[in-house]
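Two complexes, one shared chain (chain A), two partners (chain B, chain C).
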Partner chain A sequence: MLLEVNQLHMRFGGVVALHDVTFDVKWGSITALIGPNGAGKTTAFNCITGFYKAQQGRLRLHPPNRPTVDLVQILGQPFSGSDLLHPGRLWTALGYKMFGGPHLVCRAGIARTFQNVRLFKEMTVLENLLVAQHAALDRHFFSGLFNTATFRDHEATALNRANDLLDFFELSKEANRLAGHLSHGHQRRVEIARAMCTGPILLCLDEPAAGLNPMETQALSGWIRRLQKEMNLTILLIEHDIGLVMELSDHIVVLNHGEVIARGTPAAIQQNSGVVEAYLG
Partner chain B sequence: MRRLLLHPLVTAILVLILTAPIAGLVLDGYTFNLHWQPPLGLALTALILHLVINLVRAWRSAQGGAWSVTHGPIPVPSHPALLRTFRILLLLSCLVLPFLLNKYWLTVAILALIYVLLALGLNIVVGLAGMLDLGFVAFYAVGAYGYALGHEYLGLGFWSALPLGAFLAAGFGVVLGFPVLRMHGDYLAIVTLGFGEIIRLVLNNWTEFTGGPNGVRVAFPSLPGLEFSRKAKEGNIAFHEWLGIDYSANHRIMFMYLILFLVVLLIMFLVTRLKKMPLGRSWEALREDEIACRSLGINHVTVKLSAFAMGAMIGGIGGVFFAASQGFVNPTSFTFFESALILAIVVLGGLGSIPGVIIAAIVLTVLPELLRDFSDYRILVFGLAMVGMMIWRPRGLVRARRPVFQGRQG
Partner chain C sequence: MEPSILAQQAVNGLILGATYGLIAIGYTMVYGIIGMINFAHGEIYMVSAYLTAIFLAVLHFFGITSIPVVLIVVLVATLCITALHGWFVERIAYRPLRDSNRLAPLITAIGLSLILQNYVRLSQGARSQGVPTLLTGSFVIPAGSGVIQITHVQALIIVVAIASMAVLTFIMHRTSLGRACRATEQDRVMASLLGINTDYIISVVFVIGAAMAAIAGVLVSLNYGSFDFHIGFITGIKAFTAAVLGGIGSLPGAMLGGLILGLSESFFSGFVNTDYKDVFAFALLVLVLIFRPSGLLGQPLVTKV
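== the complex of A and B ==
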């Protein structure tokens, strides 16, 4: 088990967006999160990737060979009275409060893409991929200022990695074009490549096939498979294209009105009467 | 072809019709006199202007539509050797410049360089990090007053005030940065505007400490043991005696120009390098999309604060030089108009483009001096230039260039 989502609650004012959502993402699997519009898929997604603070429940990432990360704690939690009795805990909480946030979720190994592509439009494709690799670069101020050998080495390594990923996604021709000038299909691929640049364990794709034509969707499905197989990646995806979901995923979680109504393999989900009812009304 | 000639002609006729009654009819006692020269002149000017615009347009479109945004891969700059020669020539001419100018133009040149510094500083905040700062003059004031008050109370010299003023301004940058971390666009602009005014009002009203509107006197910079006055103080040598030449009040200003020029070069180097460093790239990424930045593990707090601090630091250095070159500072030099001017320089020059911003800074400080006779219309022309630029070159004089990477390395 890589990601553990346990009794997640989230409400916006009077609207209960997530109620008691519990599911697991297995290491090395492709897990799909599906459900009708407004079911709370994106909310769950945003909680996992740290863009919303889950109000109740547990979110834990269990990376292999590394300590478990509490994805709720690193966003910075309100102080509680008992913190005052444990200076160590208070100190940690204060640290997360000041410097915590979604960026720590990414550093823990979760990368994501967005439903409406969010590229750095006025920067070139390669620059987009370099920005994502900032953690692997030599960020020391003076080595960058004087362009030292270590700095250049790090930059060249990052550039090679970016080029490898562009080759993988068949985007090499677009390397030096502005990201905003690419077609929608290419932009989606660049965004996935950019997320891959952060070196994730878990890749979260928010509707990766939205706005793609059937052929592009087919190609995308191939790439996602290859990411899982060749790069040992675990993938969590939200998708409306049921064909793609059934073809790709090992495990499906169905949400409706903020609650999990079914979990299981694609075949089991297809037989589930509750799911059919939720979709057809 | 027809449009090329016909449209200007129509314009000219329209101008003639419109201006003939206004500029052509002159009241003479109880009768009118018709003067044809002024309206004809105006119409002719309109004709020529329109024709020139049309010709330029035709030429541009023949060149393959260079005014439109290029959609292909970004072109690699050609003739690197030519560019290098041009740069060296420019550098040399800037170094020779102070020996050719008279005192008045030297002061103008110093002012232009100070504005180059300020624009480079604001360019980091607005152009690279994309945070609209309408109170940049605050950091300029902090630098200037840092030197002035440091000299007054602590006896600081120019050389110690320079780094100190820079750090002080950077500190103020962080102080401003913290509360505005969550703000964007308009809200950020208003807060920074307020910050700029607060600094000015404090300087104006804290009379016991800052001297209020009366300002503070500042010492001119000197080298250790050398002075630029006619008669040196005890233990020092006057610069002209040391070199064995006649005394001239210009020496001090030339000296000032040369240090300032050196500092501008250093800052240019700094900013150019920053754009290629992970930090500079993060700034630009933050300008493009903050949420995407955070999803990629970039801590927006440190990135924003560093942009504020770095921009403020450069502004502070500009302030120290301003104080040193004027010999006197008071709060009237740090009004909102200055902020607006610096922002206009950055926008006109091209957000994020270093050469563009430098050219705009020089043009916008030197041009008003050249057009002293038309000083009444200065702001009018300024406004017209802004409107024109926003219509025809919304990205500024020089569009920021993106780095091009050549395939695989190593």
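== the complex of A and C ==
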């Protein structure tokens, strides 16, 4: 198990967006999150990737060969009374309060894309990919200023990695164009490539096929498969294209009105009467 | 009109403009990254003027008189301590209010500017202070029937302003830190989701802005020799005007705005009237904003979706 989502709750004012959501993402799998509009899929995504602070519940990432990361704690939580009794816990909480944030979720190994593509439009495609590697670079003020050997080394590595990914997504020709000037299909690919640049273990794709034509969707499905197989990636995706979901995923979680109504293999989900009634129709 | 007087006014204007430009960088960078005006920035400049005097006195006390050594030590030491003030302003007035409405940090920044003013007044006294003249020589260039005189301090101002502008441009466009700054400027949330510690980047921007103001503070103190705890206000407003004139959010814009403002002030006070030079400067701002609301080099505001 790579990601553990346990009894996640989220409410906005009076609206309960997520209620007692529990599911797991297995290491190396492609897991799909489906459900009607407003079911809370994107909210769940936002909690997992650190975009929102989960109000209740547990989110843990269990990366292989590395210690478990508590995805709620690293965003910086309000202090609780019991912290005062445990100086160690108080110290940790204070540390995350001061230096925590969504960037730690990314550094823990979770990368995401957005339903409406969010590239840095005024930077070139290559720069977008380099920005995503910031955490792995020599980013010290003076090493950049004096162009030290370590700095050049890191930059060269980053550039190689970016170029490899551009090759992989067949975007090499667009490398020096401004990201905002690309077509929608290309922008989607750049966004996935950029997410890959952060060196994730878990890649979260929010409706990657939205706005793509059938041919582009087919190609995308191929790329997602290859990411999983060739780069040992675990993928969590939200998608409305049921054909794509059934074709790709190993495991499906169905949400409706902020609650999980079914989990299982694609075949089992297709047979599930509750899901058919609520969503598949 | 006498060409030498014209040229002399142009030189004076360039020097004034270079210092406005250096201070304007702080406004424009902070606006670029968090979309707010740092109203304590003028006070940061004022603090650096006092620090210059303090470090000069300290060096004099230890008997260090070699002028290049004094200049470099004073510049570096003032820069570091002033940068610390910039960091402090962000930490106290802006970060705790990062997610509140836009007016709240504005008020805390004004409050902090009053605090800085009064802390300087209490610790250094309300009277006008001065620094001794360090560099006395000047370059004399014959022009027409007269001469243009550029003191060594003025030459230093031009050289240092150009050099720091070049270094800053290099950092923003050629280093990973600058890339992260630009990314944070465009989409802060996305930048943090890509592993960039945006709080740190915002602090860095405040520190860089303060460092630029410190450079201006050291140079202007060496040039004019006297200052009091009020200078931050009017210079801050002028630099802010320069930033808006050039297009707030744009680095070359800040420098261009500063130069235009400095030149127009200098020409106006030289040939028309000294008392109304500020009126002319602000009238120029009004005119530019009527015809180019986003400033000379600024990009039109695009609504973020």
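To be clear about the criterion, the second predicted complex is superposed on the first by the 279 of 281 C-alpha atoms of A that agree within 3 Å, B and C clash if a C-alpha of one lies under 4 Å from a C-alpha of the other, contacts with A are read in each partner's own complex, and residues count from 1 in each chain.
Note that a residue touches a chain if its C-beta (ideal position, glycine included) is under 8 Å from a C-beta of that chain, and two chains touch if they have at least 3 such contacts.
Model, not experiment: these values are computed from the prediction.
Undergrad: With everything superposed onto chain A, say whether chain B and chain C fit together or clash.
TA: clash
Undergrad: Is chain A touched at more residues by chain B or by chain C?
TA: It is B that touches the greater number of chain A residues.
Undergrad: State whether A:S80 touches chain B only (first), chain C only (second), both chains, or neither.
TA: Touch partners of A:S80: none, neither chain B nor chain C.
Undergrad: Report for A:N160: first if it touches chain B alone, second if chain C alone, otherwise both or neither.
TA: The first partner, chain B, only.
Undergrad: Touch check for A:R139: first (chain B), second (chain C), both, or neither?
TA: both
Undergrad: Check whether A:N116 is in contact with chain B, with chain C, with both or with neither, and answer first, second, both or neither.
TA: After superposition on chain A, A:N116 lies in contact with chain C alone.
Undergrad: In the superposed arrangement, does A:R177 touch chain B (first), chain C (second), both or neither?
TA: It touches chain B, and chain C stays clear.
Undergrad: When the two structures are overlaid on chain A, which partner does A:T68 contact: first (chain B), second (chain C), both, or neither?
TA: Once the two structures are laid over each other on A, A:T68 reaches no partner at all.
Undergrad: Running through the overlay: 55-63, 73-81 or 379-387 are the candidate stretches of chain B; which one clashes with chain C?
TA: Stretch 379-387 of chain B has C-alpha atoms clashing with chain C.
Undergrad: Considering only the contact definition stated at the top, list the common interface residues of chain A for chain B and chain C.
TA: 49, 51, 99, 101-103, 106-107, 111-112, 114, 118, 120-123, 127, 130-132, 134-135, 137-139, 141, 144-145, 194, 198
Undergrad: Which residues of chain A touch chain B in their complex?
TA: Touching chain B from chain A are residues 49, 51, 98-99, 101-104, 106-107, 111-112, 114, 118-124, 126-128, 130-132, 134-135, 137-139, 141, 144-145, 147, 153, 156-157, 159-160, 163, 175-178, 181, 194-195, 197-198.
Undergrad: Under the stated contact criterion, what part of chain A meets chain C in this complex?
TA: 49-51, 99, 101-103, 105-107, 111-112, 114, 116, 118, 120-123, 127, 130-132, 134-135, 137-141, 144-145, 151, 154-155, 158, 194, 198
Undergrad: Which residues of chain C touch chain A once you look at their complex with the stated criterion?
TA: 167, 170-171, 174-180, 182-183, 186-187, 189-199, 204, 305
Undergrad: With touch defined as at the start, can you tell me which chain B residues reach chain A in the complex?
TA: Contacts found on chain B: 71-74, 270, 273-274, 276-279, 281-282, 284-285, 287-289, 291-302, 402-405, 407-410.
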